[in-house]
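My structure is below; once you've seen it, I'll send some questions.
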Amino acid sequence: MVRQQAKDGSRGMGARNRIYASFDDAVRDIPDGATLGFGGFAVVGMPINLYGAVARQGAKNLTCVSNSTRGGATLPADAPDMGQMIRNGQVKKVICAFTAPTRASQRLILSEYVDKGLIEAELVPQGTLAERMRAAGAGIPAFYTPAAVGTELAEGRETRVFNGREYLLEEALPLDYAFIRAYQADASGNLRFRRSQRNFNPIMAMAARVTVVEVEQEILPTGAIDPDDVHTAGVFVHRIIKIPPPPEGWWPQPPGSIVR
Amino acid sequence: MSERAKGLTRQQMCDRLAMQFEDGWIVNLGIGIPTLCSNFDFGDKEIIFHSENGVIGYGPLAAAGTEDLHLVNAGGQHVTLRPGAAIVHHADSFALIRSGRIDVTVLGAYEVAENGDFANWKMAGQQGGGIGGAMDLAACAKHVFVAMEHQTRDGKPRLVERCAIPATARGVVNLVATNLGLFELTSEGLALREIAPGVSVEEVKSATGCNLIIPREVPPVRSVA
Amino acid sequence: MSERAKGLTRQQMCDRLAMQFEDGWIVNLGIGIPTLCSNFDFGDKEIIFHSENGVIGYGPLAAAGTEDLHLVNAGGQHVTLRPGAAIVHHADSFALIRSGRIDVTVLGAYEVAENGDFANWKMAGQQGGGIGGAMDLAACAKHVFVAMEHQTRDGKPRLVERCAIPATARGVVNLVATNLGLFELTSEGLALREIAPGVSVEEVKSATGCNLIIPREVPPVRSVA
Amino acid sequence: MVRQQAKDGSRGMGARNRIYASFDDAVRDIPDGATLGFGGFAVVGMPINLYGAVARQGAKNLTCVSNSTRGGATLPADAPDMGQMIRNGQVKKVICAFTAPTRASQRLILSEYVDKGLIEAELVPQGTLAERMRAAGAGIPAFYTPAAVGTELAEGRETRVFNGREYLLEEALPLDYAFIRAYQADASGNLRFRRSQRNFNPIMAMAARVTVVEVEQEILPTGAIDPDDVHTAGVFVHRIIKIPPPPEGWWPQPPGSIVR
């Protein structure tokens, strides 16, 4: 069954109304100024289609959280990613584990905007990034971590010694929306990921008020996934959309098949 | 610039570090040169390769045409899985890292200082950086090994007294393999443990930006039998 | 002691609270009286029952002889699973709780104070206590409902000005169902919202240990149609 | 293959040497003064057989962590549990979410010892207990939680306000050993749990230096569990023992079948 309007996206556990007909429907209510998380690591588990929908939707002043702002080399050059949103002028701030190219030869759209002072880039160690979202999803407002102690990223910040070792205080990073990609979903929103597709996706689903999922396989009837085999429970999932086959839907391509 | 070509190949540097891995170790390899460690033949040793994106127990790179599009390592390369592999999410993957269960991480670096600091996330003059999981790994792995060229493209030393660019972690590096040799960070300073064939101690010293502890005898870098 | 038998049965108390559950709510029921809420017929409403031990979406108690020995609720009772159920571990189960995703928890209590404090984990004079998940639930659920007898076995009130025994959480209770009626905790104090059939307002007042806001008209406790 | 002696239980990832022949072998090296975690919630997932082995092994001055000190009503009265270890005089301290009976009619062996001052009982809210072990397993030394704020358990302790709400500082709870029960294991230590058997068990495995698992089904060959379906990765598991059928091994019984 298709629900066209989410009355209260932050709740809505009902199996009957999680399935959306289009990516555009599922992102319609993003307000300006929202904090959005985009899952995926390299292209795997990256919500390519939802990136496109958010770019079309046009919300502005967004804070965008993801591992990096580009999807890697296995996507065509015109595939949607955070770069597209940045070029659209939608992004106020990014929070990522990569905010600069890792090689001198690389170019990052983000860099131009950061250099001009148009976008703020908060660089966060990858494990801290994951843990800050995990904390948000677990009702933990703050925690201490050993990562980044003694580095530029810890300058001027609060540290504390436990058992003789210095740790850095980190606060939770809650999301208004999480956009993720899964392998399977049942109609009640229970998800499964395949292989390294899992990465940040379950964490972001737990950190978000509204979780929107693009799903690779046909959506299964409620209960088709054994309760022991669910990776992300449906209580953390609000909107699911089946990805159409290409060219309508975006899918990662085998390496070597990409003409950029 | 001629020093750059001298000495060990990148694979030989990584082979030498991989020799140090012990049976049962959980190993995390950084992007770039360190990934070559997985080409080493570990024989009877069981080595568990872990990747930040939650892959525990990956195997060799996938052959062209056989890639599983759902499976990459931390460098985005399509890999295979070994029997007994397990997938976890990012928070659990870094739980494994922060709880000290990674026996060794091998990372690339721009600079390693004689006090064990190293820098690999931010080039000089750059805004932002590419940290990835390096800060978590460097702060928490039981051993931190570095594989890097001994000098920059401009011929500047990468083994230095103090890091000139922002550090990734302080005082954590244990062992460094460069094209010129194998170096151990000791409480007394940086020690040359093994030297690349065809390279003289004087060459190593002149290419190095800090004091070197040179034992009376420096054996050649051990190579694969 | 005669008051104890008076008014609603425990099932009726729980039915009344269960009527408040909204479609799609995630509900956590405490051990004891509150478990009776799951007997209510929710009709078209979809209610997701969550149990601290990581069961999301459990159903009725298992019939004798059909128990799955791997499946219990937080009270150790063998339950069934509804389609769409999912199992998580204890840390994720309490992530669900602490992140405010439990729409309502129904708990038993020894005492509820007019300021919304309540006590349910430690009997007077006892060393230690049995907290279980009650402190996490009470601090974090969107709504906290209490189902309890109006008085102790000795005839002492359980609705009080201030808790005499150690509190489980402060200022969190929204709604209380007792055998004598339904009570709402408001910013002005404790309000009698509905009264049990056959019970007079005076009886409720005399059995209560704090001020009661009594509206001009107090309807009878709504019962199942 | 059977390994009789664990040279270094804290490591030992090798599939070849995780399988132990007996419960007694698997607990032989517990030193006096160790901190032990016992998984399970009610009887489900409770390491009944390992409780028995630790009681026979006899280590003393133990700190024991578990949800409660008794396994519930679906075990025969002579089944091993923490009560047996307490009666043995092995336990110095317990850390539990239940340290007193929940009904006036209930009797708890622990209570007698606590009343006499022979055992220290630290009472911890269940979610905080789980999170403290999760933190230990995740290298997080401390975190803040809303649970127990304003209660007797928070008296004299450090709290802090984040975003206008008061939270309590809690420290990680690392274990020397975790004793847990699983449904399936492969030879490399990958585990699966059935239904609510999961509970504290994956958390304790991650919090512990040495994880010992009693396994219900025959131990599977390495790789028999699909990597996507592993609940606890083998890197967190050090010793596994197949539970023999009754009467040699302890198994929960259907309710009503117990004569106490």
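For reference, chains read A, B, C and D in written order, and residue numbers begin at 1 within each chain.
One rule holds in what follows: contacts are C-beta pairs under 8 Å (C-beta built on N, C-alpha and C of every residue); 3 or more make two chains touch, one makes a residue touch a chain.
What you are looking at is a predicted structure, and each value in this text was computed from that prediction instead of being measured.
Q: Please find the path from chain A to chain D through touching chains that uses the fewest steps, and give that number.
A: Each step joins two touching chains, and the minimum needed here is 1.
Q: Give me the set of chains touching chain A intersected with the set touching chain C.
A: Both chain A and chain C are touched by D, going by the contact rule given at the top.
Q: Using only Cα atoms to place each chain's centre, name the chain farthest from chain C.
A: Max centre-to-centre separation from chain C belongs to B.
Q: Where the CA atoms of chain C average out and where those of chain D average out, how many Å apart are those spots?
A: The computed centroid separation for chain C versus chain D comes out at 30 Å.
Q: Averaging only over C-alpha atoms, locate the centres of chain B and chain C and give their separation in whole Å.
A: So the centre of chain B lies 57 Å away from the centre of chain C.
Q: At what distance in angstrom does the C-alpha mean of chain D lie from that of chain B?
A: For chain B versus chain D, the centre distance works out to 37 Å.
Q: Mark out which residues of chain A touch at least two other chains, giving numbers and ranges.
A: As it turns out, chain A has residues touching two or more other chains at 131, 134, 138-140, 145-146, 193-195, 198, 227-228, 231.
Q: Residues of chain C touching 2+ other chains?
A: In chain C, the residues touching two or more other chains are 81, 87-88, 91, 94, 97-98, 140.
Q: Graph shape for the chains shown, where an edge means the two chains touch. Line, ring, star, complete, or other?
A: Drawn as a graph, the chains match no named shape, so other.
Q: Would you please name all pairs of chains that touch?
A: A-B, A-C, A-D, B-D, C-D
Q: Please give the residue numbers of chain D that touch chain B in the complex, ascending.
A: Chain D reaches chain B through residues 11-16, 134, 136-140, 186-188, 190, 206, 222-223, 227-228, 230, 233-236.
Q: Any idea which chain C residues touch chain D in the complex?
A: 31, 51-55, 64-65, 67-73, 76, 78, 81, 87-91, 93-94, 97-98, 122-123, 126-136, 139-140, 166-170
Q: Considering the complex alone, what residue numbers of chain A touch chain B?
A: Counting only chain A, the residues touching chain B are 41-45, 72-74, 97-102, 104, 110-111, 114-115, 121, 123-128, 130-131, 133-134, 145-153, 183, 193-203, 231, 252-256.
Q: Sort out for me which residues of chain A touch chain D in the complex.
A: These residues of chain A touch chain D: 131, 135, 138-146, 160, 162-163, 165, 167, 171, 192-195, 198, 227-229, 231.
Q: Quick check: in the complex, which residue numbers of chain C touch chain A?
A: Touch residues, chain C against chain A: 23-26, 46, 48, 50, 56-57, 81-88, 91-92, 94-101, 103, 140.
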